[in-house]
Amino acid sequence: MSLHERHRNIIDFALSSLGRRWKKNLALTVVYAFVVFTLASVVFFTEAVKSEARAVLRGAPEIVVQRLMAGRHDLIPESHIDVLRKITGTRQVQGRLWGYYFEPSTGANYTVVASGEPPLEPGTIAIGQGVARTLNAGEGDLIPLKGSKGDYASFEVVRVFSHESELVSSDLIEMHADDLRAFFGVPEDYFTDITLKVRNEKELVVVADKIRRLLPDTRPILRDEILRTYDSLFDWRSGLLLVIFAGAVAAFVIFAWDKATSLSMEERREMGVLKAVGWETSEVIAMKSWEGIIISLAAFFGGTVLAYVHVFFSSAFIFEPVLKGWAVLYPRFQLVPQIDPYQVLALFFLTVVPYTVATVIPTWSAATVDPDSIMRL
Amino acid sequence: MVELKNITKVFNRNRPDEFTALEDVSLLVEERKVTVFKGPSGSGKTTLLSIVGAMAKPTSGRVLVGAREITSLPERFLTEVRRRTFGFIFQQFHLIRGISALENVMLPAYTTGEKHAALRERALRLLELFGLSAKARARVEWLSGGEAQRVTIARALVNDPKVIIADEPTAHLDTKLSKDFLGIMERLNAEAKTILIASHDPLVYESTMVDHIIEMRDGRIRGSGPAE
Amino acid sequence: MPTRKSTIFFVLAGLGAGALAVMVAHAHYRHQKAQAAWNESAALVKRLDLTDLCLFTDARYARHPSMADRHTPFQDSPMAMEHFPSGTLISPPPHLRPQ
């Protein structure tokens, strides 16, 4: 008497049993797989964005100092730089110039940044893939941009940022700092904000504290906070919940439908027959468990693999309209897969276990009927 | 073979609808004999069969299968004894709809852990024995009444039990099919099976193959003796 | 002797598990391959002092969430339509949230 053979026999019967209502069970599996697919897609997508953010933004400035005037982000005077330089522990304090540019003909928003080291030649720009796409421009093209005084200035595109860097560079227009000042009309002795580095990363918080005290009109933002922004990127109350809620609703509908229809008198009678012909209570429950495992396992594998293909091979095309929103310029990035085995495991337990348990529980009382009950039917 | 000592069975005990199905029944089922329980419906025949067949436990009294007392066995062992010793043929057949005749026959043996190929082979042979080879893959609801009953008999035999228990087996059969059924029982009896039948059909209890008739009424044995 | 249903089940379950394994292996491989591109992006981030990913370009708090100021974004209800859906998808940066 082998346990293995016994369970194989029980699986055989469970499959035959499922096969009798194969249309219903197939529909059930497909809907359930869709729920898993949605959840897994969200998990894969956010995990990939997070890991990419961590990898890419490790080069971000350690502290950004913003000036707030009347509660709004405002230009910061150059004199603040000298104050910051005097704080012990700081190293390399720099003014940063950047802004937004709305291109009326395309309706797209671009981010304009001042050149870093080595700077671009005045009159030239480097643009991201998204900018190149919306303006239909390439290297060597002259692009007219409308300045703050209403006049057009033409810039020559000398570089298009690579496709691989699109997740950080898609909407960028890099130009010489002097060009940027002239273009936006930023006064000589002002910057957008100030970035600084510290000698010892452990002192970041102390330095930030000193900045707040010395320059009460400013707000320091630590790199750690920037990274945390991306760690919590989509865990906003409605973002993820919206998706999970949709999934939960679908799941609920499945269960309601399934439970309402599954344990019919017919099924109760069948369990009685199994008991009468010599099955034990535990074997009847094992059979029902296998029915649940078969359906949920199929949904788990199907949903997870499809989600992987969806997010990493089709660039999450189903999410695209959601992520795009109003944006005219939509970065086209191919996310790098980041699979955390724990997530897959969690997904497994979240799909297979509850479904199987939900299948078994209503059968419990039916499975414990006395074997002679059907003789009295 | 099976011995009942002072069996009483009460349903819905201590409730307003309390009902005594069997009262102080003692009985010895002899091996390799055909015994018929005769009596009107409600006389306790079915309850008696389910207690003999280790399907239900008596409220009081003792049941011995072979020399083994089974009254106090836990479910697992009781199931084991039932599976090895008894094969059941129900009045309503109780086949599992939607699956094939072959799988229905194999069903009682699934949980014994027997090798699938051997089991399948045996089930096919049983179906062949009853002239059902062509119907092995057919869903049971497509079978005629007589075919369905023969599938039920094959299912009862698949674990090669010593005792066949049939509850009102001819209730849904016409005369010809009833005679066919009795023919099969006679054959099985010749192959050393003990046969217990509950029936109030004269065709059954007047049959020549019956060795012993037990008459029941109101949960008691009213008379017992060899068939004329 | 026809194939048993349980055999088909085991084969399919095995294929499913295999597909998962391939997925993990593929993710690992792509991860390795991405290092160069990530280094390039990180260098760009460093050179231009960038602070944010370009995910949404429709609002400035969505384009640069970590640079957002306290008074424009995130005080509207998440169902606010001004920049739905990006405004509802991303969360306010930690330094703007009440502790």
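The first chain written gets the first letter, and so on, giving A, B and C; residue counts start at 1 in each chain.
The rule is simple: a contact is a pair of C-beta atoms (placed from the backbone, for glycine too) under 8 Å apart; a residue touches a chain by one contact, two chains touch by 3 or more.
Nothing here was measured: the structure is a model prediction, and the numbers come from that model.
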Quick check for the class: compute each chain's Cα centroid; which one is farthest from the centroid of chain A? B
Between A-C and A-B, name the chain pair that shares the greater number of C-beta pairs in contact. A-C
Would you kindly tell me how far, in whole Å, the mean C-alpha position of chain B lies from that of chain A? 63
Please compute the C-alpha centroid of chain A, do the same for chain C, then give the distance between them in whole Å. 3
Which positions in chain B are in touch with at least two other chains? 116
Two or more other chains are touched by the chain C residues 4
Note: chain A residues in touch with at least two other chains are 8-9, 12, 16, 19
Name, in rising order, each residue of chain A that touches chain C in their complex. 8-9, 11-12, 15-16, 19, 49, 52-53, 55-61, 64, 66, 68, 71-73, 94, 96, 100, 108-111, 113, 115-117, 128, 130, 161-162, 164-172, 174, 193, 195, 219, 221-222, 225-226, 228-230, 232-239, 242, 294, 297-298, 300-302, 304-305, 308, 312, 322-323, 325-331, 336-339, 341, 344
Which residues, counting only chain C, touch chain A once they are in their complex? 4-6, 8-9, 12-13, 16-17, 19-20, 23-24, 26-28, 30-31, 34, 37-38, 40-60, 62-67, 69-72, 78-79, 83-86, 88-91, 93-95
For the chain B and chain A complex, residues of the former touching the latter: 46-47, 49-50, 55-56, 75-76, 79, 82-83, 88, 90-92, 94-100, 103, 106-116, 119, 155, 159, 167
Enumerate the contact residues on chain A facing chain B in the complex. 1-6, 8-10, 12-13, 16-17, 19-21, 266, 269-270, 272-274, 276-281, 283, 370-372, 374-377
